[in-house]
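Mind looking over this structure? Questions follow.
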């Protein structure tokens, strides 16, 4: 039985992690960390857990926690894990970080986009970017997993085969992304009130969203060189779900079959990546509550561009689901254990 | 392995039944019946099932189906099962009917409220009303289960202990119910369009909703005499969930503890019925996607009344979940098999 | 030109008041009071007002304000107006209070339900309860108007003719109310976040909501004696709108026509009260953005009860619209000036 | 008093036209045409109009209608107006067509994208594309106005100044658009049911949406040459509102000020076009119910691109509001008459 501790268990991603781990055959949660709710019953914060969890919330003592568990999940604000992580912790437990602290290798890029001083740059080198479909082998042996962002998971998986195979001009790549509101977290802020979000859609973080350098770094590895993209997120009046629509110019006029083969080459055996049938486009509702990413593409002869689309549940494959997938890889579990969730519709 | 067939697999309740049975260890779906979509791939209708179900939809041939499976679920319009059910079918398979055809013992009451001639009144006597928490033992030996309605499951479970224990004046019972829109089905009707439902709430079926006699019959058994209630359903702009708010005059000035003990007497050992802590009221979101019913009550000294509240997911405990629970009872499975779903939040 | 000042101009009711007054031919806003946003441009808080309002927000100095305007609207937290109101203010201007400070005549009832010490009980006597359809004549001559609550306006208007005419047993009156989320205000609280409200419905304030004594007092005047009711509000995932469903036992077996005539007697000439055709029930969407209240009723022979229904826009007839209607009465304007808004659908 | 007739008065755009014309000082509706609801009271279809409109729906007899009114609005399916329009009609009345029949000058382009044979190509030449801010002078003298599409109005107005002034490379223009569901019409179709749209976002009509050639034609005029764009619409779970996010490479490295001046040059005097302050991005909620288009842009030095954003209410500036604006121009009314609507928030 894998013993798990969660720091930040009362945010939306933390809550989803709890939901998923409850359904995992070989894992149990030993520590529900939440500085905001210390000593309060977890089920009083997340009342879906009434009669399912009797534990109360604990403080965020990572050194103490490291002695008690096998894996620590951190679903915490940017900079927090970097401020408390230590060699001794990493010597005792695996750490899966759902924040961005260890996602970006170049500390100056991190500090520029996040406007934070990085407190533990010494662990950047060893941290493995936990996009399971791409870095599976590296993940297995890691101590520290940088669990990818929600937008980035979707954006990268949609474009990866084409970038890797050189089928698109990466300098033309534009990513227009749409997210449900749980991505904004559970903090009480006026812009996230029901009445402000409902019946509304807006762009935000235009040219400056922090997932941009993460996408650029990972797709840059696939391209074999540095790339720059435009990434524009939008807030959608729904709880869960991310949809990305990406645009790029095709290189060398590939056929539908060639593009499809590129996707199949990377994803045909991937349980959680579903490349849809021709002219069926991803919708967030069809993956809700599950760990699937649905992908598809449409080529436009008129403009020479290709439109890529991807959908996932931001709290599952975009956060907690991928974190569990990483845990499974780290501990030699079946990769899909605890994640064989059928999407909930409607 | 229980072999199951579904007639009406492409309605919302049918779709939920498919989702739940996919997660059941000892059941497999052998027949996806859908007259509207014969020969179309099931996963092309419910695209959450892409790569999970390869079957195509079949016609609704119950005699043929009865030879191939152990249990038939009918999620069909009122009157349909009654028109095709036969002794030979019931001799071969268990039937769990999600429609209302066999819920009401008095055929004249059925015909008056449903405005339909009942085509198989000969099976009314043996049909067991499948409210598992109340009729568990009868269900085990039945051939034909009348799976309760969504509103009725919630309405009855909220009031049952108090009616049974004589703590309320049943002649004062008023039920004000609120439902998400999936209860209205997947048929393409203008009043169920997004723009008509969103940002709107309305009452409907006032004094005439068909779940009224079902509630009256079942609570009448608990009361030991005929009762009449007012039941008013409302349409709420959400996909899933039913909330009932019930009002009744208390009898004999019971204390909080006495009322609570009545609930505990009937539900303390029931896995799927959660009586909440004092002053915590049920919310549909906290049970979404799960088979739980959350209940609570509040006594009003000023008026001598008690307010009862209940919440469930209309597609799970209100339909497909309860149907699976019935199946488990019929086949000697663990009652919660396939139903240990943690509610999805947010 | 009526010069108006608003204290609390940046809450949702304050914002709606601004919207309505912009469309009023003979009124202009001279003071946008908002302690939270002093010196910030009003249009930076409510961006719908961009290029429509150039003013910045001012502090809440009621004495200074009283010198500059003809009418002051207060859309402020409970207790605030009572703490700053003075004879000198009332000698200079009309005051329309959208809070509850002067709605309840019996100060002990106010203090018990609001858990506040009333700071200006000396003005309770003269304050006029501003339910225009009922207190029209008293309003015209008043200095201080207690603008009714959103739930109360709807609850009272739905029941008033039947209580007044003795057609129902008032001791059996039960009010089950449903409200959009703007009624909860613009304060940043976790329970009002989009993800907490969306796909959810719940009761709150069960047996203890503060609109209860307000309803009891006003309907008590109609009944000619003290009454007690159960009032249960629910939070609905929509921005605007209140729906009430009321239950009561009929007295003396009136016919449909007799009941309808009671409504017609009081409302046939009322522009903003629409009694719908038989079997057409109020829906919040059909009055959204307007000052209308839609009403109807359904009699149930089986139980001897009548079900009353009412719908209004909580920010218009339930707050700002009624406040403008009161202003019009106070200043001899056409009562509907600025309020001839066609409901927005969909 | 302008006498108006509407063919297609019971669709969402038709309904909005009715709402707006009710508030117009110098217009009155003489004909509520609706083939689906002949002889039914209009207010029984749109119940917001109860007690406001007593008329019943009439058949669509354009020749008869032309004798009775001054202007005919057609809010009808594609191809319908072309099939009934005649020289005699145009000699008697002004026609403002909200369908696409006369928006595209090149009949072969129309027929290719709409998969329809154009039945009245002889009127294409004289039809004026009714984008008021751009074609104001031509509109005044026209007989036949092709009222622009909802997506196109927003897409064109956002890009027009930059295309016209040569500040962007038009060959790089990509338009990612998001729309509320009222744009899909009031027809009863499963994909537009509440449960299918709610909690969901999807792209549709990828590379093939019919508004593409309309955008290309109009921006082509501005560019002085043929252009091709990618236009991708998305369905958003909200009733009203369109948001467009456009991407293009800048030409000649203009400064913020230069770009802003281009917008100001075309829009500073336009009442209904609001160019927002720096770093404030359009949101659909801030224009809901009004005739405004909110615009802004953000330049990205890293990629050399500019991101353009626009928001409008698809039923107002995107349909009925613009139609009324066109009517005002045709009849010499104040252009904003009936359209001085303050956006409704929240």
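By letter and in written order, the chains are A, B, C and D; residue numbering begins at 1 in each of them.
Keep in mind that, in the parts below, a contact is a pair of C-beta atoms (placed from the backbone, for glycine too) under 8 Å apart; a residue touches a chain by one contact, two chains touch by 3 or more.
As the structure is a computational prediction, the values presented were derived from the model and not from experiment.
Novice: Look at interface A-D and say which pair in C-D, B-D or B-C is its repeat, using the rule that over half of the contact pairs are identical by residue number.
Specialist: B-C
Novice: Which chain maximises the distance between its CA centroid and that of subunit C?
Specialist: Using the mean of the C-alpha atoms as each chain's centre, the farthest one from subunit C is A.
Novice: List the centre-to-centre spacing of subunit A and subunit C in whole Å, with centres computed as mean CA coordinates.
Specialist: Spacing between the chain centres: roughly 46 Å.
Novice: Please work out the Cα centroid separation of subunit A and subunit B, and write it as a whole number of Å.
Specialist: Here the centre of subunit B sits 37 Å away from the centre of subunit A.
Novice: What is the distance in Å between the mean C-alpha positions of subunit B and subunit C?
Specialist: 38
Novice: Which parts of subunit C, given as residue numbers and ranges, touch two or more other chains?
Specialist: 12, 182, 195-196, 198-199, 237-240, 283, 285, 288, 346
Novice: Which part of subunit A faces subunit C closely enough to touch in the complex?
Specialist: So the residues of subunit A touching subunit C come out as 12, 181-182, 186-190, 192-199, 237-239.
Novice: Mind pulling up the subunit D residues that touch subunit A in the complex?
Specialist: Checking each residue of subunit D against subunit A gives 172, 174, 176, 178, 180, 195-196, 198-204, 206-207, 228-230, 232, 234, 236-241, 243, 245, 247, 281-285, 288, 298-300, 302-303, 305, 307, 309, 311, 346.
Novice: Within their complex, state which residues of subunit C touch subunit D.
Specialist: So the residues of subunit C touching subunit D come out as 12, 15, 19, 22-23, 46-52, 182, 199, 239-240, 274, 276, 280, 283, 285-290, 294, 340, 342-346.
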